[in-house]
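Sharing a structure here in structure tokens format.
Letters are used for the chains, namely A, B and C, taken in the order the chains are written, and counting of residues starts over at 1 for each.
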Amino acid sequence: MEPPKIWREKRERYLAVGIKCLDCENKSFPKSEFCTKCSSNNVKEYKLADTGKLLYFTQITQTAQEMIEYAPYIVGIVELDDTLKVTGQIVDCNLDEVKEGMSVRMVFRILARDGNEGLIRYGFKFAPS
Amino acid sequence: MSKVGIVSYGSYIPRYRIAIEEIAKIWNEDADELISQLQVVSKTVPGLDEDVATMAVESARNAVNRWGGNSNDIGAIYVGSESRPYAVKPTATIVAAALDAEKTLTAADLEFACKAATAGMQMCIGLVKSDMIDYGLAIGSDSSQARPRDPLEYTAGAGSAAFLIGEKNIIAELEGTYSVTTDTPDFWRREGAVYPTHGQRFTGQPAYFQHTIDASKGLMEKLGSEPSDYHHVTFHQPNTKFPLSVARMLGFSNEQVEKSLICKEIGNTYSAASILGLAHILNHSKPGERIFMTSYGSGAGSDAFSFMVTDEIEKIQSYPYSTNYYLNRKEMIDYGTYARYKGVIR
Amino acid sequence: MKQNVYITGFSSTKFGEHYDKAASSLATKALLGSINDAEIKKESVQAAFFGSLVSGSNSQTSIGSTCIRECALQIPITRIEAGNASGAAAFQQAYSGILSGLYDCVAVVGVEKLSDYVIGGTIEKILGATIDYHWEFEMGATLASLYAILTKAHMKEFKTTLEQLAAVPVKNHKNGVKNPLAQFRREISLDRFLKAKRIADPIGRFDPATYCDGASSIILSSSKIIAENPDIKTKIPIVGLGHASDTLSLHHRDTLTSLQATKKAANQAFKMANINAKDINVAEVHDSYPIGEILAIEDIGFFPKGEGGKATEDGLTSPGSEISINPSGGLKARGDPFGATGIAQIVEIVKQMKGEAGERQTADFNYGLTQNVSGTGAMTYVTILAREEVGK
């Protein structure tokens, strides 16, 4: 895991910070220097809502090497209370407790570890609220 | 002189638990005997994607959200732990970023076995009182390791608690703090070692009990207070027996210590143990109540504190993610799952 | 004279596990094979476009360099990457190279070497680069898990059943039996798909197309070459091309029950060919997951939205029906060497056009179509071929 990338993405991964366009009000995640709707560079940081509802989910049993130690795990698309949608893992619940439409809140977790000596990528996941 | 004290508090306890009985079964030990000795029935186990940093962030966010203030006003963050994810690279910086509290602040990770967090509280108190900062955040977070089959395995748990210290909107005013420190090798982990080693019975009388008693008596003497003046007391809880015994030795009743005793369900949360007890007490306190706390850290030392609960407490007690919330949220796991979650098998 | 681009030669290696061959050997075999098939001197090939997903990220970057050395050629080479649709992307670039007047004869080679990589490890990471790597893959999603979500969305909206979904690979394996170049030439029962372990519910272990090795090559020629060589044995005109994109991540899309890039690319191609979906009787579509084929046949317009599952279950996409889908066995039975797949799809249509598809031959048709998809539909390429008589 590359130090500059971990550093560059920390506000997005830790705090779910995206952007809001001051010209057209469009909100977008992840961050961008330009509005993803009107291309204005008159954008400021915008912190996504930290609660929402689960739209779709699936339990993953087969995944990439850096994530295999966590499998099986649940991943889904969450619509946040401010209508923005993100992909994330659903934790602190078993598969039979997960339902489409259930309320979730952001929690802070490990996304992946770069072996025993590399960096740790932290970021948001979702837990039932 | 200006007042200083606790402005807010937050807890975090992982969801997974393993029963003492389940561990005892693996090693062919008598579970009933262990449970009656330790008065612990289960302990917490962090999930595969949890570590000291994630738990510290969760408890810190609970403290900040409960308070409702601006995280940029936090001038110091100290994370006390003995099981940090990085040997070199602070956990406190991760917490600062995750709280959106970068970047004008001082921060450090502290290690003093199970009392690093109360040392952090004292540092915050000092910084606030000297007007160097407005608010300081002291966190205790541990995901302690125990060698399989070692007696520690029955209690080594995981959890975190965070305390916001400041001068404004104080919910528990500090009346005084007092520390004792000696060089006492009762428990240690060498650089690079996976599991800690301990001095068995030596961890009791000359270590836990002597330091806890000396610090507690020292503070009460300094304040001119006595055990009966306090509504609640919390001690370091490596098990339930030790705090009950030391309370009795100091002249506190079972009722005074009872509210703090969450160790029975979650085991020893190390740096978080005494302060998780404090957080739990605060959530059930009323204005005007006095709270006594003495931590203990191997190596060894104790920090004693005396607090007076203020009217402000009632404003922040309804925050949903309390110690109780986490205590009630649990899933029991078997030894195999425990071994996997603790990284013994991968 | 209206400028057209024609397919004048083609060749494919067998798809499967070529443990003894490097990527360049596979590419060389396909390229020289297509030159032989076109009955031209290799020196006539003026440029080559290589479609490959993996080369460069996990192995040799300039896959074309090693290949043309083995072919003893010194021509301009370009490697095109468009995820799983790299083959079709290279094909469109080669087409443009001729239509622009830059070249009269070019080769396009799709190649991939995947048996070196571990499934349940490296392959998932490679495929992670075809979805939103930072905000899907690194958040824990896999390509399979996103197709699982697309499957769930379709099941929820249109009551598509697991049996209907499994009918896709059942049919494609049945077709694959008749394709000598397919990796899997055996039928798999519906029951086996339904009872398999789930890798990302509702996607079962046998549902994804298998990642394998292979190369396919096509020779493209200008109208000028066709005019100068009346005896040329293969001359299939390319009459429709479409290429469209959609958001990389599923969470940025408004709908999960259709792939907008497929719709747009198909519309472009139909418009260019001046035909509609009803004129197509054979199509090779991107069935990397069962839902992929169902979305494809709906979004291209072969069946109304929501009826793709039922149509497949009812046999309306099987050989002999009005529209035969994936007569080659599709990605599922043929195997999926990512970059080679888009070219192999076109090769199958060419064989069908020439009546060389053997037991899987589609009778009496004028137009054939291919659809090649990257990731979960971030890029789709549609190609329409016609019989020479109708496509002039």
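Definition applied: a contact is a pair of C-beta atoms (placed from the backbone, for glycine too) under 8 Å apart; a residue touches a chain by one contact, two chains touch by 3 or more.
Note that the structure is predicted; figures quoted are calculated from it, not measured.
Student: Which chain pair racks up the highest number of C-beta contacts?
Tutor: A-C
Student: In terms of CA centres, which chain lies closest to the overall middle?
Tutor: Chain A is the most central one.
Student: Return the distance between the CA-based centres of chain B and chain C, expressed in whole Å.
Tutor: So the centroids are 59 Å from each other.
Student: List the centre-to-centre spacing of chain A and chain C in whole Å, with centres computed as mean CA coordinates.
Tutor: 32
Student: Any idea how many Å lie between the Cα centroids of chain A and chain B?
Tutor: Here the centre of chain B sits 30 Å away from the centre of chain A.
Student: Enumerate the residues of chain A that touch no fewer than two other chains.
Tutor: 70, 89, 111, 125
Student: Using the touch rule from the top, collect the residues of chain C that touch chain A in their complex.
Tutor: 118-122, 124-125, 128, 132, 134-142, 144-145, 148-149, 152-153, 156, 197-203, 249-252, 256
Student: Over in the complex, which chain B residues touch chain A? Could you list them?
Tutor: My answer: residues 15, 47-51, 53-54, 57-58, 61, 85-86, 94, 97-98, 100, 329, 331, 346.
Student: Touching residues of chain A toward chain C in the complex: what are they?
Tutor: Contacts found on chain A: 9, 29-30, 56-68, 70, 73, 75-77, 85-89, 100, 111-112, 121, 123, 125.
Student: So in the complex, the part of chain A that touches chain B is made up of which residues?
Tutor: 10-11, 14-15, 47, 69-70, 89, 91-92, 94, 107-111, 120, 122, 125
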